[in-house]
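Please read the structure below before turning to the comments.
Letters A, B, C and D mark the chains in the order given here, with residues in each chain numbered from 1 onward.
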Amino acid sequence: MKKVLTSLEEAANLVKDGDLVTFGGATFHRAPMEFVRELARKGKKGLTLVDREPAMDFDLLIGAGCVAKVRTAMLAFEIFGMAPNFRKKSESGEIITKEGACQPIISGFRAAAMGLPSLPIKGMLGSDLMEISEVVGSQKEVEDPFTGEKMIAVRAIEPDVAVIHAQKADEYGNVQIQGPLYEDVIKAKAAKKVVVTVEELIPNSEVRRMPQATSIPHFIVDAVVELPRGAYPCSCFNYYDVDYDHIKEYLKAAAEGQFDKYLDKYVYGRENA
Amino acid sequence: MKKVLTSLEEAANLVKDGDLVTFGGATFHRAPMEFVRELARKGKKGLTLVDREPAMDFDLLIGAGCVAKVRTAMLAFEIFGMAPNFRKKSESGEIITKEGACQPIISGFRAAAMGLPSLPIKGMLGSDLMEISEVVGSQKEVEDPFTGEKMIAVRAIEPDVAVIHAQKADEYGNVQIQGPLYEDVIKAKAAKKVVVTVEELIPNSEVRRMPQATSIPHFIVDAVVELPRGAYPCSCFNYYDVDYDHIKEYLKAAAEGQFDKYLDKYVYGRENA
Amino acid sequence: MSDKIEIPDLMICAMASEIENFDTVLHGVSSPLPILAMSVARKTHAPDMAYISGAEGVDPEIDRVYPSSFDGRLNRNSVAYFGLHEAFDLAQRGEINVMFLGAAQVDRFGNTNLSVIGDIDRPKVRLPGGAASAFMMPLTPKVVIWVTRHNKRVLVEEVDFVTGQGYNHRAEEYKKNEIVVVSNLGVMNFRNPERLMQIQSYHPGHTIDEIRDNTGFDITPAPGVTETPVPGAEIINLIHNMDPDNVRWTEFH
Amino acid sequence: MSDKIEIPDLMICAMASEIENFDTVLHGVSSPLPILAMSVARKTHAPDMAYISGAEGVDPEIDRVYPSSFDGRLNRNSVAYFGLHEAFDLAQRGEINVMFLGAAQVDRFGNTNLSVIGDIDRPKVRLPGGAASAFMMPLTPKVVIWVTRHNKRVLVEEVDFVTGQGYNHRAEEYKKNEIVVVSNLGVMNFRNPERLMQIQSYHPGHTIDEIRDNTGFDITPAPGVTETPVPGAEIINLIHNMDPDNVRWTEFH
């Protein structure tokens, strides 16, 4: 094991302009928001973002002008409706959005995690999404080599960087995730580089006391950053719940054309919102 | 949730002559030995057994005349060497042994668990085992639909019954496995029917206190049998270690042509060895 | 009575009644109505159903709903965690019996659109996306689609974009699977040889004609069409107790 | 000294020396020698290696070996569990650097046989099977094969059955990966343009001629061939303390 503990600044440098990036969590839960804000502060450009069902993390980076392409199965603010910057910039053509679906995106991550160029799945056929996918080259109709059954081959999705916010890790990168895992373990295995921001740094001795609690082993983690409330205003299970007032303020600012003011206040202004 | 608690007798009736069967655990650990002995007592015939690296569980059923075919990556008694009945009957042609390798067998289970007719893997090419596999129809050389890379498609392995010995379960079939999981969770998801024998029956309330400890959820389990020391003479992590004296007695009996006496004493004789 | 009963509660109970005992049921994102429907079914006619939460809990004790359907608090006292990728494996094995999905448009063949109004490359309106629709629609024995605004812009002759596959966009083997649409006016199914949308029931205070007038294509009543059954007070109380903040109303505003 | 050092201990240290610091290393079934070699490497020149146990523990504190290499007690104080299917995924990504494998036969090209002596359908001797060999041999940057009986029936001109792929049975892309054979007489590698087995070192008390006389094909010394380095007393003690029951000797009887 080698020590991979570093600063937010250093970890953010692992993300290069134009990289393919995915984030842990789902919608308003365990999104690595402080890392996302750091990417915006650093003015990253031309990122391609991919995830199953993200929310504010993707929309904030789109609003901050860091994003060139987005691939999601659904990008919305749950019952609060559309993601404002995603909607605006995809309708204006400022960003390219090639919509996927949950299973192809999850299976793309799984293929990469398994070291495979592609993975077969079912469903999808008959949907207009298949046509998009065939054009983009992310999915292809194939026949099973044994049964001849019509299947869909999903191309592996190997992010340049996966960024995950977790509850605990040691300085070597043994990561403990509590509550729902979403696809975080799969994403970590799929990515070329893995950054983990955590609520709490714990000693290796505590990790060894319950190995079954380790979700991601050290040898696939490249950077650990101690970052309390690193998911705020999203939730971090067992630590804090979603701050829906903040999310409504975000949506209001965007709706009233005041999104720049939101960024000034919560991203470019104070180090931590 | 429906209650699936039953008797060893009833659970064993789920295995039909000629079935494709796999067992949990690996080599000398958490093999469902008492269930295996019950299959021998019931005089099951023509079973096809499949697993990555089994040991005494497969060899005992072969010796008891319950087995027609075996597919394994390795069938031996660890450092004690060859599995005596497997060796004898495969050399005499009494059983058909089509050898596999770890990854194709594990991936065959994974394909079935994922609801796929086959799954691609790497490696294997150049080994004479590929020729056997092509004949048997378990593996096929294919090209990745995107990269053209040479891959091996592994046909799904969907056992009629998977039998797993675990530490704890509730009467609904929520199963807690402690220590190494081997492929037990994958096998349970892959099989048509799942039988779980356990050291201890626990109340559902205890299961709900730590859902993260549940390895297999109730809705894929068909039968739970309370069977303390159900893995003996194999080990059950946190409960008992391997009884190597018993295993040496087994090997000695087989080596001296006294295997029938072993069966009389430990299988057909007392209900529990 | 029928003038007192509120539409979200009526829809929740209609959705619940589509679940049978011992079914394995999955809900996805942004799903307060499905979560409440699954909870009602469990507490009434389907006590043995397997409840798989989008938040990964299996058979959790749901005390209340939240603005997010992936909230970890929805997994309280679960018997296990089961990830979405595992649930999808189960779906590929045909072992998820019922799935609830949303839609911005539904047409007479059961196709749904959650992707775009207008052209996909030059969208008039960019919709949030279909989530699991294109994967689960054909594979699942019963898909229940809920629609909170039954009008001619939602119930359309033909969707702008096929996100989820109706009966004219799926392979023969998947045509046997059922689609049920529960709207704020009634319940629609496709249980006829042509697999075309028909009226199964109309909600109390609404009529077959009202449904026909608000549907963008010619829709006929199914044989034996009735009024949607009205839930008892104890079920209504159950729903209200689980949703003190009226999260279920959000989609209706 | 060389007359005092025991062959298993010497082989264990020779195997350990094939591991580099920061390598990710996996062992399989029936592997007391690899387990002891990985433990020695960790305690000496490779403190930062990632140790993945066949029993699923990651970086466990190994206090002793057992007759079974899958024994759960081998995972004591691990930092994580990592299943074999996960380790194989890692191997497919090219991220397992070193794997230890056994063999009943090895030939000049590095092919191994663990399947059968004679014909596969009418076996003279049925062997236990290749386990992970056919999968890991081509994919792994370095495969270390241990042989406890270096003689002409084991080191053969050509194996009866190709279980694990040598250099004449693998695709071009996999020819760059190394194979090292550690036997009871010496250490053999294939670091030459022809990728043919050559002598890297001979163990103390043994000679190049002894190795050639006990090998079933013409084998030549590599440039710079030397005597296998002798481990210090503290390493020998480490091994002996980890194996009070002399499990490591079993394969030599």
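Just so we're on the same page, contacts are C-beta pairs under 8 Å (C-beta built on N, C-alpha and C of every residue); 3 or more make two chains touch, one makes a residue touch a chain.
Keep in mind that what you see is a predicted model, and the values were worked out from it rather than measured.
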#### Entry: Chains touching both subunit A and subunit D, listed by label
B
### Query
Can you list every chain that touches subunit C and also touches subunit D?
A, B
### Query
More contacting C-beta pairs: A-C or B-C?
A-C
### Centroid distance [mean C-alpha coordinates] between subunit B and subunit A, Å
38
## Note on the structure
In whole angstrom, the CA-centroid distance of subunit B from subunit D equals 28
## Note on the structure
Multi-chain touching residues of subunit D, meaning two or more other chains, are 57, 75, 81, 91-92
### subunit B residues counted as touching two or more neighbouring chains
115-116, 121-122
### Message
Going by the touch rule stated at the top, which chains touch which?
### Response
A-B, A-C, A-D, B-C, B-D
#### Entry: Parts of subunit D lying in touch with subunit A, wherever the complex brings them together
22, 24, 48, 50, 57-59, 61, 75, 77-82, 86, 89-95
### Message
Which residues of subunit A touch subunit D once you look at their complex with the stated criterion?
### Response
1-2, 113-116, 170, 172, 174, 189, 204, 207-209, 211-212, 214, 216-220
### subunit A contact footprint on subunit C (complex, rising order)
28-30, 32, 55-57, 66-73, 75, 81, 83-85, 88, 91-92, 114-115, 120, 122-139, 161-165, 169-171, 247, 250-251
### Task
Using the touch definition up top, name the residues of subunit B that touch subunit D in the complex.
26-29, 52-53, 72-76, 78-83, 86-87, 90-91, 93, 97, 99, 101-104, 106-107, 110, 121-130, 132, 150, 179-183, 186, 235, 237-238, 241-242, 244
### Message
Show me the residue ranges of subunit A that touch subunit B in the complex, using the header's touch definition.
### Response
115-122, 137, 140, 142, 144-147, 149, 151, 153, 155
